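Going in written order, the chains are labelled A, B, C and D, and every chain counts its residues from 1.
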Amino acid sequence: MSAEGVCLILGAGSGIGAHVATRFAREGYHVALCRRTDQAGLQRSVDIIKEAGGSASGMLLDATAPDAIEEFVIQVENTHGPITTAVFNLGAQSGDRGLAETSLKQFELAWRMTSLALFRLAKVLMPLMVERGSGTLLVTSATAAARGNAGQHAHAAAIGGRRLLCQSLNAEFGPRGIHVAHIIVDGAVNSPDTLGKLLGPERFAQYRDMLGPDGLMDPAEIAETYYHIAQQHRSAWTFETDLRPFSGKPWWND
Amino acid sequence: MSAEGVCLILGAGSGIGAHVATRFAREGYHVALCRRTDQAGLQRSVDIIKEAGGSASGMLLDATAPDAIEEFVIQVENTHGPITTAVFNLGAQSGDRGLAETSLKQFELAWRMTSLALFRLAKVLMPLMVERGSGTLLVTSATAAARGNAGQHAHAAAIGGRRLLCQSLNAEFGPRGIHVAHIIVDGAVNSPDTLGKLLGPERFAQYRDMLGPDGLMDPAEIAETYYHIAQQHRSAWTFETDLRPFSGKPWWND
Amino acid sequence: MSAEGVCLILGAGSGIGAHVATRFAREGYHVALCRRTDQAGLQRSVDIIKEAGGSASGMLLDATAPDAIEEFVIQVENTHGPITTAVFNLGAQSGDRGLAETSLKQFELAWRMTSLALFRLAKVLMPLMVERGSGTLLVTSATAAARGNAGQHAHAAAIGGRRLLCQSLNAEFGPRGIHVAHIIVDGAVNSPDTLGKLLGPERFAQYRDMLGPDGLMDPAEIAETYYHIAQQHRSAWTFETDLRPFSGKPWWND
Amino acid sequence: MSAEGVCLILGAGSGIGAHVATRFAREGYHVALCRRTDQAGLQRSVDIIKEAGGSASGMLLDATAPDAIEEFVIQVENTHGPITTAVFNLGAQSGDRGLAETSLKQFELAWRMTSLALFRLAKVLMPLMVERGSGTLLVTSATAAARGNAGQHAHAAAIGGRRLLCQSLNAEFGPRGIHVAHIIVDGAVNSPDTLGKLLGPERFAQYRDMLGPDGLMDPAEIAETYYHIAQQHRSAWTFETDLRPFSGKPWWND
C-alpha cells in the first residue's frame, strides 16, 4: 500500500484528470483512474505514471450505470487501501444549446453525470472517511456553476446544483474532518479530449492561437492547485477557489 | 376569456400558491390551479375565488408523471386562452436530513419536482410565449437556492440548480419579451399545508409564538410582490428578489 | 402634515429621484427633495408635483459638506413631520476610467458621496425611525455594487462597500421595524441629467436608438418598484432586488 | 539582490503578515516588512528571518499618513530591487459595534486603512509591475468582505468595497500580467497581536479552548496558501479563495 494513500479520480481523460493523477502519483499516492470510454487512452495514462516510477491502476466506468461508482470505490479500497483523496472530475458540458435543442434526456443526463454521480460518490465515500476521521474530496467545477446563461440550461442546472451539494457536504462533513473543495475552472482548458473534441482539431487550433500564449489553461498547472488544496492543514482549508488564465475574463465580467 | 389572460399555478396548496391565485383572480385573470393531492382543498381554493367573483379552475396533477405538465399547459390554453403568467410553486423541502438519511430516490425526487419540472414547463410554455412576444414566469424559490447546508443535500442541489436554470431561461428568453423572475422566499411561511404538516400542529403553534407577530411570512403579503413583478414594465424588470420577515435573519447572516 | 408621512429624497435629479418623488407624492406623501446643483431643475420638480395636487419641498444640498445631510433631515422632520421613507439616490459614476486616470481625490469623492453619505444619513435617521418603530430606507444601487470591472476602481469600491453597509443596517435595524432595501439598477436609465450628460446629447440619442424600444430603463417604471417595496408588509420584506430592461444582459452575463 | 525578488508586506504583525514573511524568505525572497507600531516586535520578525538565513528589512509605517505607502514602495524598490509580490495585510476590524457606537471618524478610518490604502498601493505599484510585465498582489480579506452584519457597519463597508476594488484591479491588470488575488480568511486566526489584543489574554485562551484543536487558524498554514498562489502559473491563476478551519462555519452558513 502507498505511503500517502490512494487518490481516486472519477473522470480521468487527458486533461485535468490525467494531470492531477500524475501530480499525486509523483508524491507517492497510488492513483486509481477511471473514465467512460477509450481503454487505450486510459492505459496510456496508467503507463505514463508507472514509467515515471509511480503507482496507478485504471478501469472503464460508466458513472451513470447503477452501482458502478459504488462498486469502484469498494474495489479500490479493497485492492489498494483507503482512499485519502477523491477527485470528482465528471461533467456534461455539451456546448451552447438553446432550450428547444435541449431534450429531456439531455437535461437528465447532465444531472446524472454531474450532480447525482457526486451524491452517489459521497454516499459511499463519506462513511469510510468519517470512520477514519480524515479525507479529501476535490470537485472540478466550471463557469456555469456560478451563473446560468443562454444555451446552458442543462449544464448550469446540473453543475449549479452540485455547487450547493458541495456546500451541504462541507457543512455536514467538514467538522468531522473531511475536506470538501469546489474548484471553479473558469476558462478553457488545453485538453484535446474535451475542448478539442468539442471544437474539432482545426477550430481548437484557431481558438488557441486567438487566445495567445497561456490563454488556454494548462492542466498540469491546474493540477498544482489541486495538490496544494489536498495538502492544506485542517486549520486553514479552502472550500472554494477559482482558476482562470491571466488573459481571461472572470465569469462576473464576461 | 379573461381580459387579463390566464395565470397558471403549478403547486397551489393553501400557502403561496393559493394566495397568488386569489390575488391574480381579483385583478381579472382566470387562474388555473393544480396541486398533487387533496381534491377537496383544491376545490375550496377554486370556490373561494369564484365566490369573490373571480374565474378559476383546478385539477389534481402529479408533476413528476410523464406528460402531466405538458398536457396541463395545452389543456389550459385550449380551454381558457393564452397563459400570460405562470407561477411555478413546486418544491420538495423535506426538513433536515443528513447524507446517510437521504436516499438516492429522495435525491432524484427532489430534482424531478424542483428542477426537471420547471425545465419541462419551460419547454412547453416558452414557445407559446415567444410566439406572442410576451409572458411572465414567476418561480418560487427558497433559502436553499442561495446556499447549501447540512441536512439540505437533496433540496439544495435541486433548487440551487433551478436558480441557474432560471438565469439561463432569462438569458435566452428575456430579449424575446418573456419575463422570468426568481423569488427567494427566505423565511418560514405561515402555511398549514407545508410548514404546518412538516412540524405538526403543536410545534407549528410553538414556532409561531416564538417568532412573535409577523415573524412568519404572510402568504397573502408575499402574493402582493408576485403580482407587482408580473405587472412590471419591460424596461424595468426584476429577475431576482428576496423576501423575508422583518425579524428574520437573511441567509447570509444565518 | 401629510397622511402618508414624508418621503425624503437625497439626489433628486430628473431621473429616478424625480420620478420616485412624483410617485410617492401621488399617493399622499409630502416629498422633500434635494439635489446638489440646478435650482431651476429642482424647482421644476417641486412645481410638477404641486401642479398635480401633491405636496413637495426642495433645497440644494452638497451631501459631502459637513452636517448638510444631518441638518436637512432635522429640518424636514421639524417642518413637514416624520420621515417615513427615505430614498438614497446619490452616486458618483463617472464613466470608465483606468487606475492611472483615477486620482486619490476622485476615489475619495466617490466614497464620500456613495458610502459615507449613506452612513451619515443612517446615523441621523435610524434613531428617529427606531423610536417610532417603523420606517423605510430605499437605496438606489447599480451594476458596480455586484462586481468590479476595469475602469470602475472608484465607483465599484464605493458602491460595493455601500451594499454591505446596507446589509449591516438591515441586520441591526430590520428586527427593530426598519425596512432597508437595496435596489440594483442594472441597466442604463433614460435620464437626461445623468446618462445624458455623461454621453452628451448626440451619443445619448445614438445609444438609445441602438438599444431599441424600452432598451433604456424608464425611471417612472423604476419608481413603481420603489413604491411597491415601501408598501410591503413587514412579514414579507425585500432586502435586495435587481431591475433591468428586458433586452439587457444581467451583470453576471455581461 | 534576491534571486526570487522582493516580497513587500504591508501589515506585518505577529499573525498572517509575519508568517507570510517567513514563508517567502525561506524560498529566497527578500521580505520588506512594515507595521504601524511596535518597533521591537518588527525587529523580532526581521531577526527571526535573518537567523534562519533569510533576507529581511523593516520599518514602522502609518498607512494612513500622506505619501507613506508611496514612499515605502519606492524606497524598497531602490534599496532591495523590484517588488515581485506585494501582500496587503491591513485592516481595521474593531469588534462588534452598533451604528450609534460607530463614529464618522471610525467609519472613515476603516475606509482609509482598508480600501484607500490598497488603492494607493496599487497606484504606485501597478505601473512598476506593468512595465516588468509581471507581479503579484495578494490581499488578505475577511468574512465581512462577503456580507455585512450587525455591528460591522464600518468594517463591512470598507472591506466589501475593497473586494470589488480587487476585482477592478484584476480586470485591468490581469491581462497585462499582474496577478491580483483576494484571500478571504473566514475564521479567527491564532494571532496574539490582533485577536489576542481584541479579546484580552483570558478570553482569548477561553475562546481557543472552546474551539478545540485546530479551531483557530494557524497563520503559518495560511501562509502556505499565500505562497502557493504567488507561484501559480499565469495560465491558471486564482483570483479568489476562501480559507477557514475545518470546524468553522463558512460565512453563508453562519
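As a working rule, a residue touches a chain if its C-beta (ideal position, glycine included) is under 8 Å from a C-beta of that chain, and two chains touch if they have at least 3 such contacts.
What you are looking at is a predicted structure, and each value in this text was computed from that prediction instead of being measured.
Under the contact definition stated at the top, the chains bordering both subunit B and subunit C are A, D. Ranking A-C and C-D by contacting C-beta pairs places C-D first.
Look at the contact of subunit A with subunit D and you find the same residues on each copy: over half of the numbers used there are shared.
Measuring from the averaged C-alpha position of subunit A to that of subunit C gives a distance of 45 Å.
A separation of 34 Å divides the Cα centre of subunit C from that of subunit D. Contact of a single residue of subunit A with at least two other chains is seen at positions 147, 149-150, 167, 170-171, 252-253. Shown here, the protein chains touch in all possible pairs. Residues 146-147, 149-150, 251-254 of subunit A are the ones touching subunit C in the complex.
Put simply, subunit A touches subunit B in their complex at residues 98-100, 104, 107-108, 111, 115-116, 119-120, 122-123, 126-127, 144-145, 147-154, 156-173. Listed in rising order, the residues of subunit D touching subunit A in the complex are 167, 170-171, 174-175, 177, 179, 190, 214-218, 221-222, 224-225, 228, 231-247, 249-250, 252-253.
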